[in-house]
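Heads up, the next two complexes both have subunit A, just with different partners, subunit B and then subunit C.
So, the complex of A and B:
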């Protein structure tokens, strides 16, 4: 069986993540131990931040796909909707889980129900979960596609809200380390590991999106075959 | 346990989860492709990637 481009990109992304893991543990510099309750737990950011970044890309793909289906009835739009929701769910869960691990170590609690960033990102991940499970439990049709696309369109409002949350309402989640105010900076070595992590996660979800589009094509081919067999 | 041990478990758990997810997606894609090609060949049907729902919708709107 021939290896597809999506699978090669997936493998490259996965190798990049392994490299990120190695660098985060054994190469990235330690932080000032007086500045954190649990200094070693800070290393989870090399996973958490790239996962959240990749989730935002996936939610953007979901938004574009939803808009293309809803307004243009584009078959590619529906494929992007499916791929974006699945990739958004996977990366969203990675970001939420790694954030909870850090929160438990640093704050003494994995979640804060009063923090805007945590809750808006959690809602985004739940939206992706709803879209993935909803699509699997409903028969495919114009009405169900329209309903899920509408959720994909309106749900995207949470992306800019989540992005600005730590700039406007700093409650518990730390502010941005790159592109924030003049105090927000990290060392060159830390930035390099973060960059490798972001590139690896981006590569991984591009591979997943391509593979998911391929699977949706197969599902549609299967549907046509089934209809032919049923004599429709 | 030390901080790094907890962190290692969390990291390995996430890598493992991603590996399973990636493997599931790839194997699902390959299985479906094999089954579809076999069915299309046995039924002598030309492969088509058209979206039947989008086609039906376009017909209804005409």
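So, the complex of A and C:
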């Protein structure tokens, strides 16, 4: 059996995630117990931040794919749109879920409907869910591809909005870790675990995107063969 | 030389993953009847829907009476003159009566016309005041066909009439009447494009077109349709703001009001407002929750127009599809005033205004999302409402603001 490069990268990413979990919960140093309501819950951060980071990469892929399909009618663009929305959904759900667990422990509530970053990121994840479920509900065709690509293009506006949300409308969510100000930077062992997590998630979604493109190619081939059988 | 009534110039149209029409051209002049025939899937309905500007063009353009109404760049202009349209789906509003449906079509032509004799000619005169939903499938088809013919029946000026499988579901007598009326209207100077396999309808055609080549013929029929209409300027305002549709169907009561009242009842069942008198934000949230719910249910007019693709008929005729924004804002004022009486035991016009604004803006966003997916083959199955929870954020901000008033 031929093993595809996408599957190897996917497996490497998965192993990286396992390593991240191990380091986050059993190796990384504890935070200052006076600085947080629930210090041990801070370990979720090593999962949450890389997941959100990977989700942003996936949404960028979704945007590029949507633009390629919408403006160029590129078949590769459509494959990237599918892969980006699926990876965005998976990573977005992981970031939202881990954020809710942390929020429940630290803030006493899993969600704050008035926090811009939570809501804009939640909307991005719902957009990815809409694209994945919506696409499955429709027969493949230019009408559905055009419509979903339009949503993919509009949705990307939320990515920079989500990133800057904690700088402009600081309500509850902590400030950015990557590219933030001096107070927000971390160092030492914590940064190492975070880096391993970010690399693992990035590897995982690259593997997912490659595998998804391959699967879409097979689906489209099946569709063509089906139409051939129908005599079209 | 007079402009053709319809001109499709080098249009390319995709449906699904295939190109159905590639560089297809067609001209229909006054007094011509082009009958499209050919195998299923050859593109007959696509030609009709393209001519009615319901499908986006990859290239080329469509003109009605010399005026460009849509092109490959995505531009869309309202047709200067109304045109007759009967699609494969009936495009009727099931909650309206036959008379109301046809009156709307007559009003779109800015004419006053007694449709009773036409309805009687199709032997559904006794069902004139019945709701369309109560008619049989064949009777509904008759109403759809009459709707398509009316712009020609009320006008001395040349009109375009597009009929997609008009004979489908009609009995033999009705097909005979239809054939006769098409002959008479064509002789008056109207132009037809008809998609059909019916042999009787083929006799009406001046040109038989299988989408690759056309064969001309001369129909043998001399009688001309006599127009008995008067000019009357209808603004259609009551229809466009959803007044007529809302009042005749009570759809907003059935959907938006019911949902809002249920939410109010639910909130009352979990908390006694008197025990929350010191918790301003929660009380304001309870007060504005019914208005928010009302908006989230969506535009009721959009719902009834989607039932039998009547929205496509409106989209073809006019860029502004009827909406119920006015009704939304009035309902928002009312439901917020009621909620204030129940939860706060006082009335503040600023909060009532906020309630109206919440219903209007929320239903506008929901409608915008729904309209964005209208082109999809299964637009009702597309999970578009997954995107609406974000509206909780602005609603929460308004609640906070109102609580401080």
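Basically, the second predicted complex is superposed on the first by the 231 of 232 C-alpha atoms of A that agree within 3 Å, B and C clash if a C-alpha of one lies under 4 Å from a C-alpha of the other, contacts with A are read in each partner's own complex, and residues count from 1 in each chain.
Keep in mind that, in the parts below, a contact is a pair of C-beta atoms (placed from the backbone, for glycine too) under 8 Å apart; a residue touches a chain by one contact, two chains touch by 3 or more.
Quick caveat: nothing in here was measured; it's all calculated off a predicted structure.
Peer 1: Is A:90 touching anything from subunit B or subunit C once the two structures are fitted on A? First, second, both or neither.
Peer 2: The answer is first: A:90 touches subunit B but not subunit C.
Peer 1: In the superposed arrangement, which partner chain does A:140 touch: subunit B (first), subunit C (second), both, or neither?
Peer 2: A:140 contacts both subunit B and subunit C.
Peer 1: Identify the partner contact of A:123: answer first if only subunit B is touched, second if only subunit C is, both if each is, neither if none is.
Peer 2: In the superposition, A:123 touches subunit C alone.
Peer 1: With the two structures laid over each other on chain A, which partner does A:59 touch: subunit B (first), subunit C (second), both, or neither?
Peer 2: neither
Peer 1: Between subunit B (first) and subunit C (second), which, if any, makes contact with A:150: first, second, both or neither?
Peer 2: After superposing on A, A:150 lies in contact with subunit C but is clear of subunit B.
Peer 1: Please indicate which partner A:25 is in contact with in the superposed arrangement: first for subunit B, second for subunit C, both, or neither.
Peer 2: A:25: touches subunit B, not subunit C.
Peer 1: What's your read, subunit B or subunit C touching more residues of subunit A?
Peer 2: Ranking subunit B and subunit C by residues of subunit A touched puts B first.
Peer 1: Output check: A:218 vs subunit B and subunit C. Expected answer is one of first, second, both, neither. What do you get?
Peer 2: First partner only, subunit B.
Peer 1: What is the shared patch of subunit A, the residues that subunit B and subunit C both contact?
Peer 2: The answer is residues 140-142, 223 of subunit A.
Peer 1: Which of the residues in subunit C end up touching subunit A in this complex?
Peer 2: For this pair, the touching residues of subunit C are 14-18, 41, 56, 372-373, 375-378, 381-384, 386-387, 389-390, 392-393, 396-397, 400.
Peer 1: Write out the stretch or stretches of subunit A touching subunit B in their complex.
Peer 2: For subunit A paired with subunit B, touching residues are 1, 4, 6-7, 10, 14, 17-18, 21, 24-25, 38-41, 43-44, 47, 73-75, 78, 90, 93-94, 97-98, 101, 105, 140-142, 145, 204, 208, 211-212, 214-215, 217-225, 227-229.
Peer 1: Which positions of subunit B touch subunit A when the two form their complex?
Peer 2: Residues of subunit B touching subunit A: 2-4, 6-8, 10-11, 13-15, 17-19, 21-22, 25-26, 28-30, 32-36, 39-40, 43, 45, 47-54, 56-58, 61.
Peer 1: Can you list the residues on subunit A that touch subunit C in the complex?
Peer 2: 113-114, 116, 119-120, 122-123, 126-127, 129-130, 133-134, 137-144, 146-147, 150-151, 223, 232
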